[in-house]
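In the two assemblies presented below, subunit A is common to both, partnered first by subunit B and then by subunit C.
Entry: the complex of A and B
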């Protein structure tokens, strides 16, 4: 349930994307929010119509998001009908390792996604070989259109000990059959997340990079800066907010993925989502599952707080 | 006016009844093969024998999660006070029929259908400690066993002691899927507790439940943790078979029917074999149940009677899907050629199956063992 909630949360953020990100050409929705805000001083009847127009959306948010969220939160504190912290005690007793594991996996994945999307965005903006840029532009978005479950399925056979990847390495003579090992553990999850989410962040980032003032880049180039230096010192600071937004949205998405840990990671520890599914399917225990959901919600909220603080600071400037 | 109203209502009723009676909704938990079984085989057969009827099948997903969804559906409709539920027949895992009977969601129909007397096995009367006699008809019986690659393991382990020995000598060559990746791993763990739990395994299978029993398991779980270090953890029931076929592991617990189906499809090398180790591993039936608020009870009973007839059990369950029959085997054997029958019992003889094929522990023990595993082995 909370997986659904989190994507909802991310939707809400998406529409709040700050003006800086508007230049990143993220979506038409952002533009619409902007113009609605500007029209604040209009006459009363129009405002009433506006409220009416908002009402269906508001009702959907209340019934499909707020109400389930509240029932999930109260469910987390409910042990046999009484108010108690028992579910949390059990969640921490059994799954504290898994919580740290989840956080570590998602943070590591986010860091790698940042690195790769900066590399992709940077090359698309500063690359000097037009053909290479065109090919990269064409190819990098593909994983965007592949569902997580399919990513899990592909990588499950690709990364196995005697899977396609190791077989290729062995055929090429880069590896002996004895030294082959399976990547179907935490590394597999990180690979799946990075592979799937990098294009998303790169898409946002390259849009933002394309819309910054080219003259700043040209000036740096004229002064003899190499491309890496331009990327790090000129381009990146200007698109920092967009990068942060993309990473936060990815963070929330990765926190809610169940299929990848189920398909790839057979080991323990595993991710919180797998434990939530297990609590429900094996024990019919919604209490601890709700508690785990709330804990993962707290993790994503912490990230959301960083994001909000950041946008507040940008606005106050 | 009044008579007119009644007449029009009657007319409407006459128009509607044949329509609603003609459609039979079957909910089924389990993998896609369960949906296929009804869609491709059982449904058409039933429609042919009952002209004008239509069988609609809804798959609710693999594993316990699928049965859980069916149970929740019944609960929701029960709480809402719905008079006619949207299901006529459901196929659910053994673990879920107990709660369904306790909450009075089911119809006691077995005595009314002609095939009811063909089932005498204990698991059709007691489901994990709950008396369900009369409410269920087993669709099939499934069993877990160890699959192995004879090229790598000429002498497979025949007891749990020998499995431990094997894993010590051949690190990482034994693979199982833990407890979160499907029931074949769960079954291996239950078998481990039956063997090393320190208490009476019969008590775990038949009750009564005693929470203090869990203390006896500490040693067994400590040794299982040690054992798991020498083993490979596989991603799911299918993951074990995958790794076996790629030669990444040499032995692992699997569902017998999956094993045979994969072999028949060429997903598993034909030389792979099965062994059922002593003192035994669990298996479970899947049951046909009829909701108490079904709109087409009579038709539903007819459907289950057909599904559990010796002919369908032979042709559909044994021959097509390599499951062990739900009704007593002697009624099915007469309807099958020797070869098909022998194939089902090539690696595991009927005597071994009778001796080492165990039920799962009763529900509270089942949950207690799983949670103890999470606490002591998984952490």
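Entry: the complex of A and C
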């Protein structure tokens, strides 16, 4: 009975409804085609229904992601309406130091994030003091919920020459006011990135560590491995893909943060993101900004390629 | 002279839950002991306490007279083979077997020699470079065993090592493990819930029930002289009938009931009278056509039940009959089949009849 009714409805669409009305009521159409497929008595091929179902998502991706990306890539090669590498030449001339600075900062931060998240994940998995493990588990995720801009702001007041950190050290008599120095340079950025991104990687990593077979850890203990060896030789090799994924995601995140370099290190050298904002806001120079954007995209793509190659190799094994 | 491995009055708690309630166990050097029990009886907990992964709330564990209760797992001279094998997936067979030796800082050449020796012992020569994912269940099991044996432990602990194997492979691996254990003269404690596996492999069987030891004995002892109703049932004497009896000197006189004849069996030191639980195995009773009436004669050295055949099946070798004896059902095997609905007589010789006073 209901199948018959739906057939009628879709027939009506097929013959009478004007095309505008069809596209206007997409949700109704999806519903009707879905049930027609179930009743099986209708002419629309299954592949076409599938395409229709993914069409809204595909449209969002095309219009909000691919089109702007292409326009920004073409914009990078566009100097006064002509195809040229001028933007790149200018970008390298002005900002090659900043590019290296960016890469160095993000790589150093990634390395430190890896180290700290392995330590946190390792302690959560292998720690023998249940209370310490519970406290660490409760506390380590906090920075995840703090926005980058707030991290930048907090650290700016904390790390400045007359900031809270130096004041505490001076109060404690650990150093004199004369020897106080500002950390608001590359070190400040690295501290901000590591502080903000370590919990994210540690969260992924400790989840992966918790899901490995506990008896593989006990077997190593049984044969006499200490905790550090178990972490390095037994646990870490089993979760290295997760670690790599976490680091790549945070690499990409760090490459795209503007607020931290602006807050902490608004001098030269600084990160590419700050340069891009500067090119656009100060000069309306979209060409060089696009070129810088493409360069940072190449850096993240290189990292993504390493990851893909690694996973392909593991799958082929 | 005390035993090589001793567990003295060990109590283990998981939170408020007492999993081991004061267990005493002595294992001689070179002996193969099986811890047998159903799931949740505490057998794995006992093994893990011996291995050092659980610390008893009270009691002691001694090896060769030394107290090891508080020692870490690797300082006890024991190696544990895990139920899941717990092989390290990122290491090859050679690396898995050699890891314990690497931890002992043995030179590389010596490690290689020992790994080769272990592989030869276990028939793993061709698999040294493979990772565990590329091995069959039986091969993984042997790698796990090899990894444990490589460090030449005094005591080998086996936590249900055969439960993940196919039924057919399991039968051969049983014999391989016990043959290897005898050849190496190693002391072994083996946890299992499989009665036959324990019987076939072990010198002595420890039957655990609810955190306590129900009986310790050779396979022959626990099979033929189960100490309690629980052990009898666990060792396969599942058929249960209730009787009433009086003790007369060294004889137990069983009163005639609605479905059983009067009988006299020797007491063999058992002081039993009043209501009894009688247990027997289906294969140790004899089935025959029932006489028209229950004989008033007293049976000597055997108990005779009368019932009706309700179901028959042929599991192979013998015919299996489900027989209704009053409200109870018993299962009895017989070389020939009896028709459904037929009245039959079940004769249980006294050596196959296990009697316990009813709690």
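Just so we're on the same page, the second predicted complex is superposed on the first by the 266 of 317 C-alpha atoms of A that agree within 3 Å, B and C clash if a C-alpha of one lies under 4 Å from a C-alpha of the other, contacts with A are read in each partner's own complex, and residues count from 1 in each chain.
Following the convention adopted for this analysis, a residue touches a chain if its C-beta (ideal position, glycine included) is under 8 Å from a C-beta of that chain, and two chains touch if they have at least 3 such contacts.
Here the structure is a predicted model, which means the values were calculated and not measured.
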Request  = Sticking to the clash and touch definitions up top, decide whether subunit B and subunit C on subunit A clash or fit.
outcome  = fit
Message = Looking at A:156 after the superposition, I want to know if it touches subunit B, subunit C, both of them or none. Which is it: first, second, both, neither?
response = first
Task = With the two complexes superposed on chain A, say which partner A:222 touches: subunit B (first), subunit C (second), both, or neither.
result = second
Inquiry  = Contacts for A:131 in the overlay, against subunit B (first) and subunit C (second): which applies, first, second, both or neither?
reply    = neither
Message = Looking only at contacts as defined up top, I'd like to know whether subunit B or subunit C touches more of subunit A.
response = B
Inquiry  = For A:280, using the defined touch cut-off, is the partner it touches subunit B, subunit C, both, or neither? Pick first, second, both or neither.
reply    = first
Message = Quick check for you: in the superposed arrangement, does A:182 touch first (subunit B), second (subunit C), both or neither?
response = first
Request  = Considering only C-alpha atoms, give the closest distance between subunit B and subunit C in the superposition, rounded to the nearest Å.
outcome  = 48
Query = Which part of subunit C faces subunit A closely enough to touch in the complex?
reply = 51-53, 72-75, 78-80, 82-84, 86-90, 99-100, 103-104, 147, 151
Task = Over in the complex, which subunit A residues touch subunit C? Could you list them?
result = 213, 215-216, 218-225, 229, 233-234, 237-238
Note = Per the touch rule above, subunit B residues touching subunit A in the complex are 63-65, 68, 177-181, 233-236, 239, 242-243, 246-248, 367, 370-371, 374-375, 377-379
Complex contact set, residues of subunit A against subunit B = 93-94, 97, 156-157, 160-163, 182, 184, 262-270, 274-275, 277-278, 280-284
